[in-house]
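Next up, some structures in structure tokens.
After this come two complexes, each holding chain A, first together with chain B and then together with chain C.
Coming up: the complex of A and B.
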């Protein structure tokens, strides 16, 4: 098992390296949208086309050979020197440091609520299969996975912001973090992110728990007089926890990352998603790259934890093979 | 799956020399029909690029239709669906009836299916007869028919005005955007976009995923290792952010969006097909085919692929809703095709006017939501109907 963990860690490093290299290749092979806009601007102001292009390339270090650029890029990535954001006039890492608390502020409660409630409801559905509550929960889950996050966010703003006036239409970032007002304006985004992740969680935990509801050991427990609470918590939840813990890290994290990106754009929360969105609109290449790579790294680490969790939680897997 | 066998023939009645496969004879009617239709499409494609003037429409009768790259792709996709999904069902009525019996049990899925046929049928045919919605400064912010808003928010009211309220008209049944574009027309064009994303992308995913999965499972060794490590890398990248980066760098047209979605999303399909095919490979009919001297390609084509097809179809049908949601999300973020009206684009266009013209952002979203919901219902029922092992 130690050998497996060591191999898994090594693979994480290799995968990160390959992904960084692939990204560099992509960036190098594609036309630089920022260069185009810079050159166009210089030409409009009466500058020479060739000269503008050259000066841009010099400023960004693009006149160096490809290998040199690749080396600088990789060293920069490792040493957290992620470049300079032109539109924000600050290092990319600094912009990210300023933005991430806003994302964490509502994504954490959303993640916790959806995990606890989602698993609980899923277990309940599985043990009360084909009951009215089960059908209601399934209908709700279908609703949750089908509704587009950004549209649901807009509906929230329309109904609770514009028509009822309960929440502000846009996020006010000048409000202190730990204040009632901040909580009030974060309720709607939290709900939107929660809905999209709770639905998948419910469906998955229901399906997983169903495999154990009629298992022999659960029947035995029942025959021996274990009450339903004990059966659910000790005999169904425990084995179901293994597959559940993996979806939790891998898939739910992914759903939260995506829906928070869209939610931030809709509600105007100055977190990582909006930072990335603005960078795309304003053609800030370094910032776009960084804000795409951060969720990717989170996903890589999430995958690593997912696999390690498996090794700890499930003694049945043999590690002789992949 | 393939043609109906005739069990009445006894062994000695069959002229085995006739059954030898050789050259063109080895083609089934299905494959032959598919290849012939592809040939016709290829001829038309050549005609479009060589004969027709660059800007001119490809066809002028019975209606004017300038066939774009994407339209060609859609035609090929539809042909594939007809020959490899509809024809086998028609050819094998016993199996079709069984699938239908299973599918029919899920009433929500049947209703959803009818709804989807309506939406996608309209999306397929509508854009041929309806002109693209155009800018009209004289028809900004018109409310949908039967509804009214204060005249001050509208600008010029197209419909009747009473008590200072502007009423919607049948000219713009779902109202208009801030640019005066009819939302009804945009919604119909959006159906076409969702149809293209939801049909072409899964086809690309199925083709690449099945090819890679079966080849990896059947070849084993270094080929398997390389292909599966590549899949690992591809799956490590979170889909949304991979699309985001690629669309930012290369995007701009719907054609590219579909191609990018297609060629970067087949990882999980390939993995699924591989594990399924690994199980199938051990079965006796494969060994029988191998002992009879069947080539690797023949075994994969005739024995492995048909036997994993249900898994693949189920997997793809569950991918479709998320692909459509992704397209809408990227159109919403402004990374879609600015020239093609889509649901996400209209939702985004109405965002800043949410307090005065609520219908712009909400109406296309209703279509997006109901379509995705219906697709999820149908996908779920398909899984139950096609996969007998999923029964509990």
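Coming up: the complex of A and C.
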């Protein structure tokens, strides 16, 4: 077990290294829109093309040999010097530090609500298969899966913001974080993200629990005299936790990679999604890279925790001691 | 005569499915006394397991439903019990052993946890430490070597035979009066089968436990049964003392089953055809479409009642045994042993002692 964890940790470091190196390769190979516009500007002002290019490269350290740049890039990554955002005129890390709390403010409650409720409803559906409640839950889940986040967000703004006037039409970032007003304006985006992830949680936990509902060991538990609550919580939910634990990481990634862009643009929340979206539109290479690396790291760390959770949850896994 | 420990009368368990009502058990009666082993035999799909699981209402309801009949256990009607009373009965006074020990244990808990659960569900006062001591005793009693150190192992660390011993240990947790064993040896190695049967026999002798054993293995029946109930398509075809059934099989279905047994020194045969539809069973005797002795009377009305055969503990549901009818149609001209040398204990004269 110890060796398994040690190997797993080592692999995390290796994976991170490989991803960072690939990112560097992509960056070195792609054209630099900033350089193009700088040179164009210099030439327009009567400067020499070659000279302008050279001075730009000098300023960026691009005149150094490739491996030198690679070394500086890796050192920068490790020391959290992730480059300079041209469009925002601030270090990339600073832009991210300013943005992330806004994403966390709606993503965390959405994640908690969708996980707890989604799994609970899924378990209920599985143990009451083909009941009216099960059909209702399935219909709700398919609604959640089918409706696009951005459209549902726009509907919320239209109905509750414009027609009913219960919520602001767009997010006010000057409102204090810990205030009722902030909670009020976070309700709609939280609901939108919750809906899209609760649907998949429900379907997945229903399917997973169904495998165990008719398991022989559940019948054994019944034959031992366990009541239905004990059978569901101890004998169905507990073994189902093993596959269920895998969906959490994917769910977080889905929020970071998909929902955050749509929701933050629709509601005007200055979070990571909007930061990344603007960086892409404005071709701010350093900022795009940084915001794309975040979900990558979440995936790596999330998978690490998932594998560590397995060691606790499933006694059957053999860890192949050295 | 006192009331038997378990008394099933005219039990009908049906399953309501999209394809219609499956009459899995359709009027079954049987009795089990303390210290007695009753084997329910029949081919797959004959309703043996549903009968066994109807006793403590383990069948999923819905789609299953006990539509008629009574199950009396020690004088109380189980079919009228509340869920709370049933939970006290299951694993308390009635223990269950299942066919597949690989699946009967929850893979994510230690065997100690699972036996402790069985103990503490029925003895709320038992503290963890005491329950653990009792679990170790149980493991010891069912023959798990080195129980003290193995109690914290997970099911996957045990072999199939050992798992079945653990399942038996759980069933014995509250010293039940009745054990319901649903094909307890079918999934096991032949060498292990005998050990498990002997273990059950020891338990029975020690605690005077009644056992309902579901099996399709006539070898097992010969080994352990006191009485035999032969089932076919949800109905009882023949029942009686184990020696009567083996030495003087009377129902054509029982005879056909015995002819399927290898090792009788005679030609083995298979029963032609297959089980009738359970949603719309044939009129008359359920077996008549496959019966070589079927006559017009077999195809009409209900399943024939149980007619006594000879004077002993032996009855058969066949028109040829109706008083006044001629049983020799089935039994052959000499009236006996038309099936050949099938005998209880497979012909082993000392077989009665082997268990």
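Basically, the second predicted complex is superposed on the first by the 301 of 322 C-alpha atoms of A that agree within 3 Å, B and C clash if a C-alpha of one lies under 4 Å from a C-alpha of the other, contacts with A are read in each partner's own complex, and residues count from 1 in each chain.
Rule of thumb we're sticking to: contacts are C-beta pairs under 8 Å (C-beta built on N, C-alpha and C of every residue); 3 or more make two chains touch, one makes a residue touch a chain.
Not measured: the values here are computed from a predicted model.
Engineer: Mind checking chain B and chain C on superposed chain A, clash or fit?
Structural biologist: Here the two partners, once superposed via chain A, fit next to each other without clashing.
Engineer: With chain A as the corner point, what is the angle to chain B and chain C based on their C-alpha centres after superposing, as a multiple of 10 degrees?
Structural biologist: Superposed on A, the angle at chain A reads 80 degrees.
Engineer: Thinking of the overlay built on chain A, is A:235 touched by chain B (first), by chain C (second), by both, or by neither?
Structural biologist: The answer is second: A:235 touches chain C but not chain B.
Engineer: Look at A:151 in the shared chain and tell me whether it touches chain B only, chain C only, both, or neither; answer first, second, both or neither.
Structural biologist: Only chain B; A:151 stays clear of chain C.
Engineer: Using the superposition on chain A described above, determine whether A:316 touches chain B (first), chain C (second), both, or neither.
Structural biologist: Only chain C; A:316 stays clear of chain B.
Engineer: Per the contact definition in the header, classify A:269: touching chain B only (first), chain C only (second), both, or neither.
Structural biologist: neither
Engineer: More chain A residues touched by chain B or by chain C?
Structural biologist: Greater contact footprint in residues on chain A: B.
Engineer: Quick check on the superposed pair: does A:225 touch chain B, chain C, both, or neither? Answer first, second, both or neither.
Structural biologist: In the superposition, A:225 contacts chain C only.
Engineer: Does the superposition put A:217 against chain B (first), chain C (second), both, or neither?
Structural biologist: A:217 sits against chain C, while chain B stays out of touch.
Engineer: Quick check on the superposed model: minimum Cα to Cα separation from chain B to chain C, whole Å please.
Structural biologist: Result, nearest C-alpha distance in the overlay: 13 Å.
Engineer: Hey, what residues of chain A end up touching chain B and chain C alike?
Structural biologist: None.
Engineer: Which residues of chain B touch chain A in their complex?
Structural biologist: 232-233, 236-241, 244-246, 248-250, 321, 325, 328-329, 332-335, 344, 347, 351, 354-355, 358, 361-362, 365, 368-369, 372-373, 376-377, 392
Engineer: Considering the complex alone, what residue numbers of chain A touch chain C?
Structural biologist: 215-217, 219-227, 234-235, 238-239, 242, 313-316
Engineer: In the complex, go through chain A and note every residue touching chain B.
Structural biologist: Contacts found on chain A: 11, 15, 18-19, 22-23, 26-27, 30, 33, 142-143, 145-151, 154-155, 157-158, 162, 169, 210, 254, 257-258, 261-262, 265-266, 276-277, 280-281, 288-289, 292, 295-296, 299-300, 303.
Engineer: Provide the residue numbers of chain C that touch chain A in the complex, in ascending order.
Structural biologist: That would be residues 56, 58, 83, 87-92, 95-96, 98, 100, 103-110, 117-118, 121-122, 154, 156, 167, 170-171, 173 of chain C.
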